[in-house]
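What follows is a set of structures for review.
Heads up, the next two complexes both have chain A, just with different partners, chain B and then chain C.
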Partner chain A sequence: MALPAYCDFNIKCQTPEKLFDLIEVATELGYESVIVNNNLQSLQGSKEKKKDQKIKITPPSEILLNEKSIASLQSKGKKIQQLSRITAVLQDDSNTHKLGNADLQMYDILAVQPTSSKTFQLACETLEVDIICLDLTETIGFVLKRQLLSLAASRGIHFEIQYGPALTNSTVKRQVISNALNLVAATCQKNILISSGAENPIDLRSPYDVINLGRLFGLNHSQAKDAVCKNCRAVLMHAKSRKTCKSVVLVKNISTLESKKRWLLKAYSDELSNSDEDSLKEGEEEDEPEAKKIKLASKDNK
Partner chain B sequence: MVRFKNRYALCEVIVPGQENGSINFTKSKLYRAIKQSIISNHGDYGIGALDQSLRVIYINTGTRIVLIRAERKYFHMVTSAIIFIRKIGLHDVIFKTLHVGGSIRQCFKFLIKYHQKSFPSMYQSCQTEDDKIKVLESIIDACDASTSVKALMDKIS
Partner chain C sequence: MEVQEEVKSSLLISDKHHPFVYLKIQLTFENGEEDVNELTPVQFKFLVMQAIKETLGEIGASTPVDILKLWDEGLAILRVPSIEAEKIWAALTLYSTTATQKKCAFRVLQASAFLLALSVNSRDLR
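Coming up: the complex of A and B.
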């Protein structure tokens, strides 16, 4: 997995046609990685039907680009990577064990949105998540304590600022700027992500403009650049390590490879056939299956 | 004596859902939109500081490139204000900052390089042989960068 240069962490999940437009504009603006967000209103199951207490969680869907846009991407020499993310709203501190559900773990990135000081403390101290995002369009009902935020930062959790709503009207803009300044001051300008939260293509801005916007939120130039570049990389790494443990290289058996990653095998076999000819000439023998495994893994984990 | 220093921002105006289309607004319309955005974001102080130096230098409706000038000391107000522009006339627009430079000359140098990068995709999208030859000719022309900067500078003045 090649790491992205610029990354937009929050594009609202919608109908395929709309998403399509969004992703196309995002590539035009210079993003190399987009993350499609699915919002989960509550972790609690419905109380009325006892049998259907399971929450309905739609599995992450992948939007396949059509041939025309793929051709236009290829001609420009651009790549785009698409990942999925789920944001769960935490209304109370029960039900948080459901975050470990297999359905939720299928998503690449796990985010929570605490609504009270209790859930915020829980999210900072114990929950195994990648991102904490607060609703900045309304007043935050609790004090952001520096100790809690630095604790979360030391655990590798990042905080998200969404600029999409700020572009719409001036009262929301004021609220977002005041909350963002508050958040940035409390985190000591570290572990901040700036993402769009866009529903329409018009809410997207190019990475360079987002860096300029970051200056309005109290970050300096390099910190703002980190917020769309370096910190995104850290989040993706954190998400990967959440599923495994601390590791450098991941070794996978070929038989467990997902269907969408089969192209790796094919690409590798082509490479292998070329290198086979070379090695035959030199008369060396290699331990092929082992090498195959490790090479694949390193490709997967880059 | 100290020179009065300016900054120039080279921006591309993107109209979502309309690829490679042209824009039809004038310099003054764009200027008014930027001014309005500065007023709403930085207030009276912002417009007071920038009123003397803010100017739209160049606008190309075909390639959708605009060049904006302002004083260096307060330039961050301009770059943060153009983010909030959503509509000019009837167009929904997104401003994409390509480059910020210290002189018009440097900005155009960058612009030429930027356009040169789009040659390969242009060549691929060509339908007829004649178009392909035209693109190839312009690639050869582009190799002599110094003359083309001069030509562009002449066009403005």
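Coming up: the complex of A and C.
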């Protein structure tokens, strides 16, 4: 387990000079990784506009700082790591297949912002994303069902609270706090991230301030700390596992194996008895179809 | 240099309830718009009270908050009752614009129940 590394999950993408200032302030405040966010207003795009849309999705290498400036930050003796993230606003439940597009998958972290109960349900139940962020500056407009949220939590999806908008004016502040309390209560204080959404360096707050702010959102101290440390790490790991190839491993007791498939077991034990490395490899290869078959069989049983 | 023969050190652990929490805070303005060195303690207190009032209202602002010390660069030590400390810290965090529409931020550098603990910052040790 790595040391606690504070992480800010949402820094707005902008010109390199401004971004450099932002990241510099973030390192001074004690953050060790920052995530630059690219907001995508809509996944839609009719066929004529397709070319426009392709221009819209800028590759992550363009929104991040180049290595030289990061190295200059690191030379001051502080660790800093930058990652890219894209947030897609889900207007309706069509077009979600575009989340699988290569230009979106190039980003390190994939987030969605559902706008209706339908898209929210879709995001919680099926979409392969890392973060669900809701617009907390306005009334959410649908009920946050505990079952849906716990389902999303069990799939490793995290929910984001942005405190940046709360710094603007008092009505927005009120709205953000009440929505955040709502969200935290609905998720049972689990899988919460607190991020800044900062555009200017002055909008950033130090991790310790953010942890204390988490207390205001109904988290206890350790949960609030997790919201800037542990959960961030979990999201990064989730993103990594999402990017590796999809695989299934099924463990089953030998005694429950169907009589038809007994030959697999016998073949495997024969392979093992010729304790060569080559035979081991073959055994592994054989194992995979077996697992698949068993998976299929279990599906049939259901 | 003479080396002292006997250096006694002691560790005191206390589980008593402490009435106050001391916060070491720093006020920063965006792009150095305003010179924080020229702030008088009265002005500083006004900003702190405004920050508390904005988030916690009049009842929150009725908690006794004292400025014990104000240095250059907007550094200050606040003394707040420990029950209210969390709320007041959060209120300071959420403060972003002054009455004259200048962007600023209160950064809490250290928080402790003991005033002496603020004399050194372990986060600066490298």
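In the analysis below, the second predicted complex is superposed on the first by the 214 of 302 C-alpha atoms of A that agree within 3 Å, B and C clash if a C-alpha of one lies under 4 Å from a C-alpha of the other, contacts with A are read in each partner's own complex, and residues count from 1 in each chain.
Heads up, the rule we're going with is that a residue touches a chain if its C-beta (ideal position, glycine included) is under 8 Å from a C-beta of that chain, and two chains touch if they have at least 3 such contacts.
The structure displayed is predicted, hence computed values, not measured ones.
When both complexes are superposed on chain A, chain B and chain C end up clashing with one another.
By the document's definition of touching, both partners, chain B and chain C, reach A:S206. Using the contact criterion defined above for the overlaid structures, shared-chain residue A:L167 touches chain B and also reaches chain C.
Once the two complexes are overlaid on the shared chain, A:P16 sits clear of chain B and of chain C alike. Of the two partner chains, neither chain B nor chain C is touched by A:G141. When the two complexes are overlaid on their common chain A, residue A:G100 makes contact with neither chain B nor chain C. Shared contact residues of chain A, touching chain B in one structure and chain C in the other: 29-30, 77, 167, 170, 173, 200-202, 204-206, 208-209, 212-213, 215-216. The residues of chain A lying in touch with chain B in their complex are 21, 25, 28-30, 72, 75-77, 167, 170, 173, 200-202, 204-206, 208-209, 212-213, 215-216. For chain C in complex with chain A, the touching residues are 28-30, 54-55, 86-87, 89-90, 93-94, 96, 103-105, 107-108, 111, 123, 126. Against chain A, the residues of chain B that register as touching in their complex are 14, 16-17, 19, 40, 76, 79-80, 82-84, 86, 92, 94-98, 118, 120-121, 124-125. Listed in rising order, the residues of chain A touching chain C in the complex are 29-30, 77, 163, 166-168, 170, 173, 200-206, 208-210, 212-213, 215-216.
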